[in-house]
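Which chain is which? They are A, B, C and D, in the order written, and residues in each are numbered from 1.
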């Protein structure tokens, strides 16, 4: 149980960290100043969540690990984040769609986690859910706006769906540590599909069918993107081992 | 009333420290000067996001990453307040942004220097924000109301950033030899450009007298620069570092530190667009704007569609 | 003298390494298979040259340094490469133009270096000059082809000149260690300008005038690009300190 | 002569081990099969540059960087030989490339797996090149002359690559614990996909009989696969690593190693385009081709201009 708890907590920590890292690429480069601020806000929220998870994992591990050693000194094959969050950010539509697909999942998952027996995880989830509600609302609105905006924005959203949809299956494919933790991904999947369908309908976007799903991230088998993310993320810690910042 | 009368009433308000508000009469030159200065200030916040944004992905700890990201985001917020303040004077944000991208409008030259190591984040916080604050504190009392009020909000956050920057250098200054070297190197590179932030010498500065009379500015470039030098000479001691100026020396008579001559040649070159990063900075901003065009158009088109049809109860919010 | 020799040798090593690293980005992504091979050849030649320089520097330093410690364990501020070679590769035209501007310089420089008193440097230069002659010929031909090709290629070359020209001044701005080594950059500058002008003329491209020149690389003050190059280049050595590969 | 006679002469040559040359009569199906196979082989070399190219910028030493770059470059060269060989059968390189990009033509599925660590470079050299070589050695004696001759050149370089790959794993296997783990992990991930490289089981393989009769192939998929397994089981011992198959066991009677069942479901999925990187690989190739269009057009336009005007003595070469 403890090993699963650690793995699961790291999975949540890695996923939120890597999505934060990806979204933060927009900081200073957003399409509208107000939205530059909004997506950076989301990055900050996700980073805060990941720190809570890493800190908790470090506590359970009780071997001298810290939030920073866990984020900065683990390798590609040790990271357990979802593939979805490590993919290239693409254009604004693709970044927005990813955030929406993930936020919708996170929102349902954290509702469930709030009820979990592990008090710390429940507390972190409870704290995060307000943020997640905002992320979900913001990204839903943008999906609708872009799906039902101009011809170009609609086309770009179709492209984004084509790029991202095949990575959504992994959200619901339980890793051993999720099963051990008693996470019920099946029920989340059903609601997620309904909610996503509702937003896609309003956005006049089609929900893809019969797409072959990619997975591996939860088990540390990533895309070729993650390595590049980590070279940047970890650069200073790797270059100056043991230094305090 | 004649323009002359209006001008007298206007100047009387200024003299009596009454803020000028958007709908009130003001001399054209006052309006123009404020637009130029506020938009330039706004652009500086926005362009200023780039050199620091450059290190977000590489911040050395999660805490530092959060601090840096929040700081850069604050700068976006400051840009927003300032664009709004400038808009009250009748210039649209779109127009201001176009002027930035065409090179017509300026922004602070300091952001045309590259951020080469992590220590630059601390040095920018301490020196660049430190220099900015002296200017901004003065501007909290500037005569144009919306500008002064925006400055009050900005100043609070900015002095927070400065403390964070200094604290971050302090950690480096107590760190490994490599970190100490990195810290000193960043100070060496940012010191002189920071002094240049206060603008040309008073003797070379145009506009300055009129701006003082209108209380747009309340201190001269040289006064502010001297204040900055005096402050930094003390603070650098806490870091156990040095400032890269052999002429720095306490002048008992003046009650200030003397300091060496700024390389005005470099100053004017950077202003004219020849700094190490002028081209990169403008290109980054233009690119973001160009690549965001379809997003802005889609948002406008969608808003228009919404106006046409009454909202269905099943809106985006219901989905959440 | 020894310090200058070390610095100068490192300057040559860093410049050839970073240009090799940049050009190698094309490997597998070139516009024509034959040219994919050609530019990778150039990358390999440059890499070979950089190894010769690093090895020689390590010998003089005689402090346990190796070609790998010098390439992989020095930081942004220690690298002494020309700014020109670290800039983003841009499109094929920009990569080609950079190679041409540098090869023309390298060709003249190495002719001079062949005569230098330091026998090792002279030998490395002598060995490299055959390669350099080929690089120069190949890149000249491409500059002419693209400058005098289609309207689009001409326009792209103008853009490339606009991006790169301001970094050519540094080639001829002597660092202290170059002066100490007795490198005569002034005479190279004159010939370089003539040769480049001849190729530009044939390519129907204008030679820019009165361009403000950027510099700093030779002294370790780089563009923001170099940091990113080094995060990738050095990633494995930094992550697994002391490991043999 | 009737087609029947031509076919008999053709088969007689094959049977007598006389190579078929481009201008000679050959059955349409023979031509098509060779075009399909050679172009597929060429595409595999080109697409195969991508997973390895992924690590050039991050190679852990200058020597390894040089070796890797040279290897990937060799693959480009192999692609080139093979496109030329296929062209002798009447299909243009442009057409072949279009077929690759449209998804009509295939390439080896192995390249649809990601390269996740440096050890993958070694594993690809040892296992993937190792598997390819067995096929290629056989193809050195294939009946179509240009293909066979291309193979002779390729085989030499390829076995050099394989030795380099193995040597690189050997270094890891003697390195730190982390390196050993990296080595084992790479073997684990590449083993099964390597076995799949030999294609479906003989009992499932179409085309196979005809190809054997025409001596395009000389060994069946299963024969080659068995040969590969037997070879690797011995080699892995030198690494002190293991192959990820609990069913591997010497079978005295067969004189071969038995091995576990391949996941044919995965095999067919990757063939159908659902591997981890199918989409990325094709997109990378399409992108390179699209972004290279202006270059190819400019080169053609320039060549055309040159043809029109006689060369001046002051050509590009004089400039060098």
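Please note the rule applied: a residue touches a chain if its C-beta (ideal position, glycine included) is under 8 Å from a C-beta of that chain, and two chains touch if they have at least 3 such contacts.
Just so we're on the same page, UniProt names per chain: A, C = Phenylacetate-CoA oxygenase subunit PaaC; B, D = 1,2-phenylacetyl-CoA epoxidase subunit A.
This structure is a prediction, so every number in the text was calculated from the model and none was measured.
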Query = Along the shortest chain of touching chains, how many steps lie between chain B and chain D?
reply = 2
Note = Distance between the CA centroids of chain A and chain B (whole Å) is 34
Query = From the C-alpha centre of chain B to that of chain C, how far is it in Å?
reply = 37
Remark   = Flagged in chain B as touching 2+ other chains are 58
Message = Can you list every residue of chain A that touches 2 or more other chains, as numbers and ranges?
response = 75, 231-232, 235
Query = Drawing the touching chains as a network, do you get a line, a ring, a star, a complete graph or other?
reply = other
Inquiry  = Following the definition at the start, I'd like every touching pair of chains, please.
reply    = A-B, A-C, A-D, B-C, C-D
Inquiry  = Taking the touch rule as given, give the residues of chain B at its contact with chain A in the complex, in rising order.
reply    = 46, 49-50, 53, 56-66, 69-70, 72-73, 76-77, 79-80, 83, 118, 168, 171-172, 175-176, 178-179, 284, 287-289, 291-299, 301-302, 305, 314-320
Message = List the residues on chain A that touch chain C in their complex, please.
response = 75, 228, 231-232, 234-235, 238-239, 241
Inquiry  = Can you tell me which positions in chain A touch chain D when the two form their complex?
reply    = 75-77, 166, 212, 214, 216, 221-224, 227, 231
Query = What residues of chain A sit close enough to touch chain B in their complex?
reply = 17, 21, 24-25, 27-37, 40-41, 43-44, 47-48, 50-51, 54, 67-68, 71-72, 91-93, 107, 133, 136-137, 140-141, 144-146, 148-150, 152-153, 156, 195, 198-199, 202, 232-233, 235-237, 240, 242-245
Interface residues, chain D side, partner chain A - complex = 51, 54, 58, 114-117, 178, 185, 189, 269, 274, 276-277, 279-280
